Amino acid sequence: MDSVAPNKFVVGLWDHEEVYLHAIEHLRHKGVKIYDSLTPFPVHGLDEALGMKETRLHTAGFFFGATGTTLALSFMTWVMTTNYPIDFGGKPNWPVPSFIPITFELTVLFAAWGMTLTYLVRNKLWPGRVPRIYDKRTTDDRFALVFDAESLTDAEINSIKDACKKEGAVDVKDKVFTEAEGL
Amino acid sequence: MTNEKFEFTDSLKKNLYIMMGLGLLGLVWVFLGDHESNHHGRLWSNLLANSYYFTGIALFGMFVVSATQLAYGGWQTLMKRIFISMSAFARIGGFLLLLILAAGIADVHKLYEHVSHIMHTGHGDPKYSTKLVYFASWFWIGRVFVYALLWATFSIVFDRFFGEADQSSQAKYKKSKLLAAAFIVVFAVSESAVSWDMIMSLDPHWFSTLFGWYNFASYGCAAWATSILIIIYLKSKGYLNQVNENHVHDLGKMLFGFSIFWTYLWFSQFMLQWYANIPEDTNFWVKRFDEPYFKVTIFGALIVNFLFPLFFLIKRSAKRNFKMIGFGAALLIFGHYVDFFNYTFVEPNWNHEAMEHGHGAAVKSENVVMLAEAHATEAAHGAAATDAVKHEGHEASAAVEVKHGEHGVESKHGHEAPVKNFASIGIGEILVFIGFAGLFLFMFFSNLSKRNIVPEDDPYLKESEKLNVTWA
Amino acid sequence: MTIFAVICAGMFPIFHMGRVWDAPFIFPIPNTRGPLWVNFNSPLLWDVFAISTYFSVSLLFWYSGLMPDFGTIRDRSKGKIRKYLYNLASFGWQGSAKQWQRFEALSLVLAGLSTPLVLSVHTIVSFDFATSVIPGWHTTIFPPYFVAGAIFSGFAMVETLMIITRKLFKLEDYITINHIESMNKIIVLTGSIVGIAYLTELFIAWYSGALYEQFAFYNRILGKYLWAYALMMSCNVLSPQLYWFKRFRRSIPVTFVLSIFVNIGMWFERFVIIVTSLADDYLVSSWAYFSPTWVDWGIYLGSISVFLFLFLLFARFFPTIAIAEVKAIFRTSSEVAKAERAKAEGATHGGFVLKGALDKE
Amino acid sequence: MILSVGADFLGTWVSPVEFSADYSTNRKVSKDKAEMSRHIQIESMPSITGYKADTRISVKPSEELSSLVDILNVVTGAGAAKNAKVAKAAEELKSAGAGNALVVCGVNSADAQVIVNAINNALGSYGSTITWDRPYNTKQGSDKAIVQLAEGLNNGSVKAVLFLDSNPAYSSPVKGLAEAIKKAELSVSFANRADETAQLCKYVCPDNHWLESWNDLEPKAGVYNTVQPTISKLFDTRPIQETLLKWSGKSGSYYDFIQKYWENNIYGKQTKYSGFWAFWDNAVHDGEIVVDASGSAASFDGASVSASVSNLSAYVATLGDAQVRLYESVAIGDGSWGDNPFLQELPDSVSKVAWGNFIAVNPRWYVKNGYNIDPDFKEKRYAVAKLTVGGESIELPVVGVPGTPEGTFGVALGYGRTSPNHSDLQVGANAFKLLAKSGDSFNTISKASIAKTEATDLVAITQTHFNITLQDLGGVKTRKTVKETTLKEYAKNPAAGNEDRAHIMEEMVTLYYEHTKPGHHWTMVIDLNSCDGCGACVVACNVENNVPVVGKDQVIRAREMHWLRIDRYYTGEADNPDVVFQPMLCQHCDNAPCENVCPVAATNHSSEGMNQMAYNRCIGTRYCANNCPYKVRRFNWYDYQQADAFDKRYGTSNDQNVASEYLGLHEPLTRMVLNPDVTVRSRGVMEKCSFCAQRLQAAKLEAKKDGRLLADGDATVACQTACASGAIVFGDRNDKTSAVAKLFSDERTFGVIEEIHTMPNVLYQTQVRNRDEVKKYDIIDYYHES
């Protein structure tokens, strides 16, 4: 999304995901620029249809996890051997088997929290965020495509609308947001 | 193209004969290379390790079929008969074990020497009272015979049942579930029991409740890896065209999962015994950690069987590339073989009998001296006083001191001290392994060549063909 | 359910602390007494990490999955306050393609992390016992067997709650008898695994010849706690065997009753492990018999109440079914979808596949 | 060769502490000296002396008396013995040789003692095992006199009565004595607390506590002690002696009086010091002056023996089948300290019952007669029976005590006090009233009848009976918690009874490296052969370490706080078992299972081999207690000692609750008993034996001040100092010359459950019995036999 968000949109609504996916492919083939696509559930094949890049969230997760592993092992080693070595029941001061459970837990903890926070930041989700609702039914049973109408001429808008209808959209409408109305 | 039949070519046969020949050569090798006083322990422990390992793989083949059948699995249908043919070895594996056991009881070799030692002299020691019952010869042999019989029967029944045409009928399908459930029950009991009877009994002092599961995980890994290698081979020969990287990917996932499961069990077993540090548990580990060779192979096997899958098999690309997954599968088969061979209880024990005698003599003759010498805390104290620094860095322990004491006593009493009390993996071992692999494959291929590789009328075939592994 | 159960589970160690006001000592935080950290050898400390990780990761998994559903509710709810609150809860969810893509990635990895996490938590709980030297506790089979037991009792508990919820909220079309049957199969499987583990323990204790170990199990099955052992065995191992019969697997009353049996049995498993082992351990001089006080009963009943309270709150205000996920599945796996697809593909294998193996054999 | 007939000389008879020390010198064996005295005990009610004996002959109370006649007959050759076992013992006495044997008897009957004298005379004990130079001045009470007092008060011939250190209203069996005291024109009690007698007196003139006043003593002829005050008076009291001085119109303090007395009477008897002041200062400093024995030789007058024999036989004939044997328990004794909670909480050595008395019966009889209401000891609930002796009866719970013959009912004296100001201290029933008069004395043996009631009662018993052999699983297996052998075996093999240790040590492997103990390595070795289970160490530990008393209710819940307990194990024959006492305290394991599991590192191992507790750090998860194989860790369920900010801040009601319910150390006077060197523990923390860390530290500082190395014996622990028989040896194992280092490598030494690699620093030595027969292990499980 651009840094300055447009306020004027055309919204096309579909009621069946297969038709929807075909529509996207055809529209993109025609060179129509899709501003956003909203679905009530994750639609398989949508990423490819929209030509989105693979998310790098996994990689981030791996690095978060690795951080947790390293931190856990090095901290416990430091405490038990350097900072405050104590004899517990005759156990070695570097009891590696004892470290494994906590190391594992911290790996998971770091990976999970790191990924989730990254996910929220990247998706711009936070409590109190006011989202732009293009159509209420996009979280229910409608698949929407949003086109940026601000920079388009009326003719272009109409052609998009026509194309949508041709591709099986059940509804096509204009949507205008005021400046203050959400992201 | 579903109606394809495997053709067991002469050249393949020839190759397998060569492998088996190499195995025989290996047996001769270990036989000759063996120290006389060890009662050919090396030969027999090679036989035991390989028989057990390959029987486990064979049984696991049936387990896979049963489990997927029960769980309405569809993805494996194309490969179903691969697993069934893998189980062909189970028809002889159990009897090989029976042979080894019978030979042991008949005193041909000394693998189970300390058990028979207990049977002869252990009546006084209450610790052995239950073993007198459990290892009574007829009971012991009888048990293994029952397992062998059950496995062979199931292998034949599975082969017939799933090999027949017309898999699609409702009645047949229902019956297959019953068969699968029956096998799972038999398998669950017999695989645990055989791990106690054949492997855990090598060291009659030691016990671990986890042991059966651990064995299961170990040859489970090996079985998945074997199936991957076989499928890659068959595809290279032009069979199994519908099997694609999606199927191999799924097998790779199972291999990965079982590797992690195996590690989990390895860790659980080791950690708990390490933590409690009760001698009845730890004598097992101390015995092995005393030998640097086993230290290397134990942790080496851990690296191969855990770290390698963790970093290598976790990747989607690795699981979908035949060359890479093939390499991984081969490595894991080897890793678990090493695990079984060295670490899992077979080899380290094979001349333990000599050490046992050393023990007995020491206790009987010089009670007082032993008490003074073997007092762990005392001994460790002495060591600590002489070289405290050494102790910090090493796993040196009271145990080491005690051990040295024993060896001293042993040689003093004129027992023939073994040149080395373990066998490392040498050429002989590798040759025997190859031989067993040849036998396994020979049985596999001759079974596979009997009918279509793909069960063409299985109701789930379509699902298997359409398999598309999206994630991970 | 996990979250509320973990809340209860986390509360118990705290209840049982002698000095609950010093509970922060269990975290490795620098303190006024100099560099005195915690004992990383202690399984109880592992538990601290395991339970808190388990709790927070479950929370993340649960909540990240709820966000789109809150968005759905927001868009369907009337009234400004409700709208505002559900929007707050949904973190401003829109459902754009990129959001969904990341959502999928996140939930996959969280699921991937949660699976070993569940294993690890139950493993570490089993370590609490198995690392010790107490006969009856120190046994290596505990980790996998606790995990199997957790799946076993977890499924039973879900069934108990689900059958009630399903009835009350009229979710019969969503949670079908086939789901219940599948769960019952898992129960018979894990119940049998647990049963095999019990027998393995018994056998190895006998086999080992180790005096204390042998006695612990001898005492367990024949001693003064025979009643608890018998209860555990019959509820956990014998009663699920009914599920070998299809008639019982598909019967809701049977399922409900058996799920309660299993819950009781698993509770008694812990009772048997803890109480029989501690009551009669090494020194005969300190053998005793456990008799709970009203405090023990109170804490026990209280924890059940807390759990039910939280669960009912959840059921009242939050969606009990993952809406977005179910929608996705309906499109591909529902009866209608399957029939459509089969028609489109002209499947050759007749009604057999059409009906769906999962649904009807 | 010692033969005791019903005399509990290690527990309660005459001077038990002294006797324990003397007795144990001849009972310690070592490789160099594989010999010990032989001790036979003939008794009805089991006592620690009987349990310690090499051979214990269990007889009914009447047979205690008749066995004296048997012994006399055998020893003098005058006739045959009725009881074969007794006859055998008497033969042994005879063959011990002149001057090598001693017979003692604890029966309060002149006739019995005459016969004992006759036996000793016949054995040639006079002048060898019995000397007359230092007769005891203690225990000179007279049954006759108290009866006369009662008569005198009743008929008005006695008009005034003063009570000092006596409490006859409680402890005298004379009927109507209390009423009689009230009749006196003048009655004064000098008791420093309102005991039963003081409550009846017209005047109470409280004496000082003995720590507040000067005094002198002569416990044995020629042994003089001084007592000096250690604290100033807490209350408005006056020493009795000064009171009497004042009343008799004399001036001056009692100190001056004593000094004058010593100058005139004792100074002259000694030759060590010249000059009275040197003598006096040293006497006060040392506390004791022993002057040359001046005892007169005595000879035995055999004239009354035949009369005594016939008297005794006649009395025995009246006793019937059911007999009561009254005895003193080691903890409470005659009950004069019955208001001391430390003693009440100390479990009786024999029965392990604390807080109250009970009727001790034969376990088989117990099962047969329907008292076995809880065979698994699920609850510590016992059936109550009514025991009647000569018209007086008491109701008490019935407890099976192995070694009690059938038809014998033992009841401890010293309970049932009514005067202590705390209801928890008013436990048990007063058995003094069951003492039956025979001749001029009150006898502890009499005819009785017993009847079961419907009532039940909870008994604070700390150790019940379980069978520890596993016969059903293929061969008898027994936990070697304690180890025993006979002297004969020991002479042949110093490791006798401890043979399995060689095997244990051989298998003692570890996966850990050793943590070095470069300085001291504190170790304790306890000789089971010397330990007679008296419990002095337990009380010493309680007092030294501020161990709280928790009260009967909490003891029933097994929440007693004793850092040191004495475990009692039965082996051998079911009806007349062998007993081994084993003091069980924190074993300070070098590989301690408890230390591993503490999440907050509150318990860990010191470089001196001690398992230490940081109470401040402890959060009370109790995980360590679960993991302790010895179950020696104790948890503070309440704030027993007002150590806890939590209760002070939030829990005033709980405070009061604890104070009233659990005899807590909350009120200022009681808190004076606390040792300032030892921290008091907050509620909610674990505590356990610390090896008296404060005493070790003090010893180290003392040595440091002197600029020397710590010598063996400088550092002592409280239990060790209290042990009269020297069973506990403590010291530094790293000091190879120390006593403990030598014992550590002795063949008799073993650790309890050391096969699980705990590496305990508290070790034990096998019990050795001087007798021929080796008893087989037998199952003592009356409670499940049909």
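Every chain is named by a letter (A, B, C and D) in the order it is written, and numbering of its residues begins at 1.
Please note the rule applied: contacts are C-beta pairs under 8 Å (C-beta built on N, C-alpha and C of every residue); 3 or more make two chains touch, one makes a residue touch a chain.
From a predicted model like this one, the values you see are computed outputs, not experimental measurements.
Undergrad: Can you identify the chain nearest the overall CA centroid, using each chain's own CA centroid?
TA: C
Undergrad: Report the inter-centroid distance (CA atoms only) between subunit A and subunit B in whole Å.
TA: Here subunit A and subunit B have centroids separated by 46 Å.
Undergrad: Just the number, please: Cα centre separation of subunit C and subunit D in whole Å.
TA: A distance of 54 Å separates the two centres.
Undergrad: Taking the mean of the CA coordinates per chain, how far is subunit B from subunit D in Å?
TA: Measuring from centre to centre gives 62 Å for this pair.
Undergrad: With chain centres defined as C-alpha means, what is the inter-centre distance between subunit A and subunit C in Å?
TA: 30
Undergrad: Residues touching two or more other chains, restricted to subunit C: which are they?
TA: 36-37, 39, 41, 43, 45, 116, 123, 127, 131-133, 206, 211, 214
Undergrad: Two or more other chains touching the same residue: where does that happen in subunit A?
TA: Expected reply: 86, 88-91, 98.
Undergrad: Which positions in subunit D are in touch with at least two other chains?
TA: Within subunit D, the residues that touch at least two other chains are 473, 477, 510, 512-514, 590-591, 593, 596, 598, 601, 604, 756, 759.
Undergrad: In graph terms, with chains as vertices and touches as edges, which category applies: line, ring, star, complete, or other?
TA: complete
Undergrad: Looking at the complex, which residues from subunit D come into contact with subunit B?
TA: Per the stated touch rule, the residues are 473-477, 493-495, 499, 501-503, 505-514, 516, 518, 590-591, 593, 596, 745, 747, 755-757, 759.
Undergrad: Per the contact definition, I'd like the list of subunit A residues that touch subunit C in the complex.
TA: The touching residues are 17, 36-43, 46-47, 50, 52, 55, 57-58, 61, 75-76, 79-80, 83-84, 86, 88-89, 91, 95, 98-99, 101-102, 104-106, 108-109, 111-113, 115-116, 119-120, 122-133, 136-141, 182-183.
Undergrad: Flag every residue of subunit A that touches subunit D in the complex, lowest number first.
TA: Touch residues, subunit A against subunit D: 86-92.
Undergrad: Please give the residue numbers of subunit C that touch subunit A in the complex, ascending.
TA: 28, 35-37, 39-41, 43, 45-46, 49-50, 52-53, 56-57, 60-61, 64, 67-68, 71-72, 74-76, 87-89, 91-106, 109-110, 113, 116-117, 120, 123-124, 127, 324-325, 327-328, 331
Undergrad: Per the contact definition, I'd like the list of subunit C residues that touch subunit B in the complex.
TA: 41, 108, 112, 116, 119, 123, 127, 130-133, 138-144, 185, 192-193, 196-197, 200-201, 203-204, 206-211, 214, 244, 347-349, 352-353, 357-358, 361
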